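Below you'll find the structures, each written out as structure tokens.
Note that chain A is present in both complexes that follow, paired respectively with chain B and with chain C.
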Partner chain A sequence: MALEIDEDNLKHGLLGLIMALVEIIRDALKHQARKRMLGETLTSEEMEKLGNALMELDIAIENIKEEQGITESVKGVRDGLDEVVDSVVDRLLNPERWAEDAEENV
Partner chain B sequence: MDYLNIALLLQESGKEVNVTNIKKVLNVLDREAEDEKIQYFVSILSMLSPKNKEEKRLNHDKIKELPVDTQIKKTEETHQVENVYQLENEYQMENVLQMQHNQPGRYVYGIAGKGTQENLGNIGLDGAEVYTIPYKEACIVVHDCQAEPYKSEDENVVKEWLFTQQEVLDIAAEKFDGVLPMSFDMIIEGKSGSNPENEAISWLEKNYESFMETILKIKNCQEYGIQVILNTLELSQTIFETDEKLKKKKEEINAKPEGIAYMEKEMLKDLVKERIEEKADEYFKKFYEMIKKYPDDIVIGKVKKVGDNQQMLMNLSCLVHKDKVGPLGEELELIDNYEGITVRFSGPWAPYSFVTPEKGAINSGNG
Partner chain C sequence: MEPNRSPQATLNDLLDRILDKGLLLNTDLIVTVAGIPLIGINLKLALAGMETMLEYGIMKDWDEAQRAVARKETERQTPTLGNEEEIIFSVFGSHWYSKGIYNNWRPGTIYITNERLIMFRKIPYEVLLDIKYEKIKGMAIQEKDHFINGTREELYLVLQDDEMVRLHTTDVLSLKKAMENIITTKGISLEDNLVFPVDDEVLGEFMKADEKVTHSGKMWYRYSYIMEGTTHYQWKPGQLYLTDQRLCWWCDFDKKLLFEISTDAMVHIAVQDVQFGTAPIEEKSLVLLYKDGQDNQVVCFSDNEESLREWEKVIKEQIGDSEKESEKNMETCPICGKKEKRETLLSYGCSRCGWMSHRKQS
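Up next, the complex of A and B:
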């Protein structure tokens, strides 16, 4: 099948992909930050700084998504990735899937 | 009536009944040819006979393009023409049907547990004539076709086919107390010119025992889909309202400086998420216990994404006996009354989830 490319589509796709990656990195940062806070290794000043930085990042990401009209395509990329991870985990946890796969490939 | 006579003339002289041929005859008779009428007439005839599928589909599209009022008028005409055609030409119809039985393929809808030969009428894909091929205590529900899979680029055409397939299965299930459904585009071909009917029977013979076993299992049963959906937003609100600890924490956070408040809110979100997961697990166990009393068999499907703030808790396909559909519905109503829970109940379907695919016939999907 031929790929039909129009500029708007391309922009949405590429920007959507990039923002999805930025969001994932942000989520990883948040995860680390929460761990540090729970580990109580941070002073309240550091906590405040960290919280502010992450909040600003959140706002910036939301703004960009809205300005560029890519909220949906970012969501699409992330949902797609979720599905991939889901199926990988599902396969790892359920060895009977391997048998099903093997059967299908015969 | 002119067209009808011309069509008969063409058929008797062994020519194909199509727009061009009818026009030719009209020209010879020095009569005016009205394209639209002829096309419409040909499409009606092709509805009666499943030959010329491609052409029929073309004409069908044409009809759809006509303005609505002409469509109604034409439909009235159709009935007249159809009736007359059937009355006057039953003998000829028989001939046509016999000719069709010479087609090289048999499109298989399913297997039923009754060894009779019956004609179910022109209810198949593109109006094809559906009938049964009996063998021992079973029969194959088929129509005659080319040895090529049904394929179309047009999504609506495919949809139409799928609906028709489901309708045929419904009718067969009603008539024979259940039917073992085959997947779409399952066609048996007569090998190197041999009679496809024999091929179909030998295929049934090979799989006879396993088919009969499944047919016995699905007798008087139909498949129902049950999806239980949890509204996570509604649940998280309830959690905040009922959990004193979380409530207190939320108030504390509001008094803190912005950055810290933000971080703690994030952590609170995690906590709520955990609670929701716990609740979802609890619900799943509870609902499954409630549901499992009714079906003869259950297949647990993968849960799908349904949207923001909505989580699918379970996606079940249930094989339910006719007598148990009512009580199952009542139980589902109870579940539906739980807070934040929506139940989607669909069916009856042909029991696709409870039959294993068989080998030994052409089975090609359409995309």
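Up next, the complex of A and C:
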């Protein structure tokens, strides 16, 4: 359960981690934006502005990733984070794993 | 890129789930050392996507208020421009608007684009001026009287149809330079030595043909009006004129005479401290006592002290003159000795004892 950050190239590692977090936040915001748009409280004008803002954010993030050549490392970090979450969720939701853990620790 | 799908839970799945469902935490916590509570924590936390929040009725007002603020902020911030038009210079300023009954300096933002001069106000949205450079015949900076702080520089534009536009900003010169730069690059030549219509014609509007102005000047006038049973005062800028017949005050903004009395009606003049507005600050003012029918009325004018003193002197002389005049016209009633004007005494009799001239009686 460890995040691997490339030690040889700190730029790739650190910038990749930061961009990965930014992307995760962006994805969460996008999801909430979708929900708000379905929620019928927003006017069409507001929806358009929200959509445009998110699109601009997408473009900006893609540009930064390309400029810095960190597309791959960002993806690597995200996969790493996803794996961590997956294993934690897996352990929390499946009681069998607790038994396995207990046996291992004995 | 290959499409793939794994049943794996991702970090975003987790976040989305938390935000969609909402997270509520209500915790009381104390930290104790050796059985003695030292730190207390009372934690109330609600974390959810806004849509979920609204569903439970939390932060509903805030949501609406926030969106209202955003709407207001994004109200049109700049004037609508043509396709190849761009703003080169912009500055806050005002222009003189005088149409119909409305005369005033209207504030707004002056934009110099590569095609025209636009002046525009954000709230309420209005394009105040829209002048293509081709229409401008000439321009010049002129020193003009202003109702505060003496004089100021104004930019005068004369258009093809001889219409005049008066603009003012804190830095008129750079506005003029910016416009001249564009106009020369566009190859338009301006006329030099333009004759600007002078707007001192005000005088002719209310002066009688045989009337002569003996003294005039910029002066503030304390205008009084009654609202809801109490008297309110308001200082208005304008011009005070003393002629050989009248003392009258011309209001710059309303473009009319708000005060007018005959020179005979003036009784007493003095420079006194008068309270300005509602603030308890007293400023030197010109206080004039005059006769309005049977009553005495008081009127206040103000400006810098120098000109107040001058006016005081001029009006004092005027009052002195008319007093001497009226001295000559005075007669004494032969019965009771009351002093009265010759004409009144002769034609209407004495107001105290009722004596009548013999010529009238017969």
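The definition used in the following text is that the second predicted complex is superposed on the first by the 98 of 106 C-alpha atoms of A that agree within 3 Å, B and C clash if a C-alpha of one lies under 4 Å from a C-alpha of the other, contacts with A are read in each partner's own complex, and residues count from 1 in each chain.
Here, a contact is a pair of C-beta atoms (placed from the backbone, for glycine too) under 8 Å apart; a residue touches a chain by one contact, two chains touch by 3 or more.
Everything quoted here is computed from the prediction, not taken from an experiment.
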Next item on the list: With the two complexes superposed on chain A, say which partner A:10 touches: chain B (first), chain C (second), both, or neither.
Entry: neither
Margin query: Tell me the contact category for A:27 with respect to chain B and chain C: first, second, both or neither.
Written below: second
Next item on the list: Check whether A:99 is in contact with chain B, with chain C, with both or with neither, and answer first, second, both or neither.
Entry: neither
Next item on the list: Considering only touches as defined above, state whether A:41 meets chain B (first), chain C (second), both or neither.
Entry: second
Margin query: Under the stated touch criterion, which partner chain does A:52 make contact with: chain B (first), chain C (second), both, or neither?
Written below: first
Margin query: Just to be sure I read the superposition right, which of the two partners does A:85 touch: chain B = first, chain C = second, or both, or neither?
Written below: second
Check: Which partner reaches more residues of chain A, chain B or chain C?
Finding: C
Notebook entry, point to check: Do any residues of chain A touch both chain B and chain C, and if so, which are they?
Noted result: 38, 49
Item checked: Residues on chain A engaged by chain B in the complex (per definition of touch) -> 30, 33-34, 37-38, 44, 47-55, 79
Notebook entry, point to check: Along chain B, where are the residues that touch chain A in the complex?
Noted result: 257-264, 266-267, 270, 305
Next item on the list: Note which residues of chain C are touching chain A in the complex, please.
Entry: 8-16, 19-20, 49-52, 54, 63, 67, 70-71, 74
Checklist line | In the complex, chain A residues that touch chain C | finding: 24, 27-28, 31-32, 35-36, 38-39, 41-42, 46, 49, 78, 81-86, 89-90
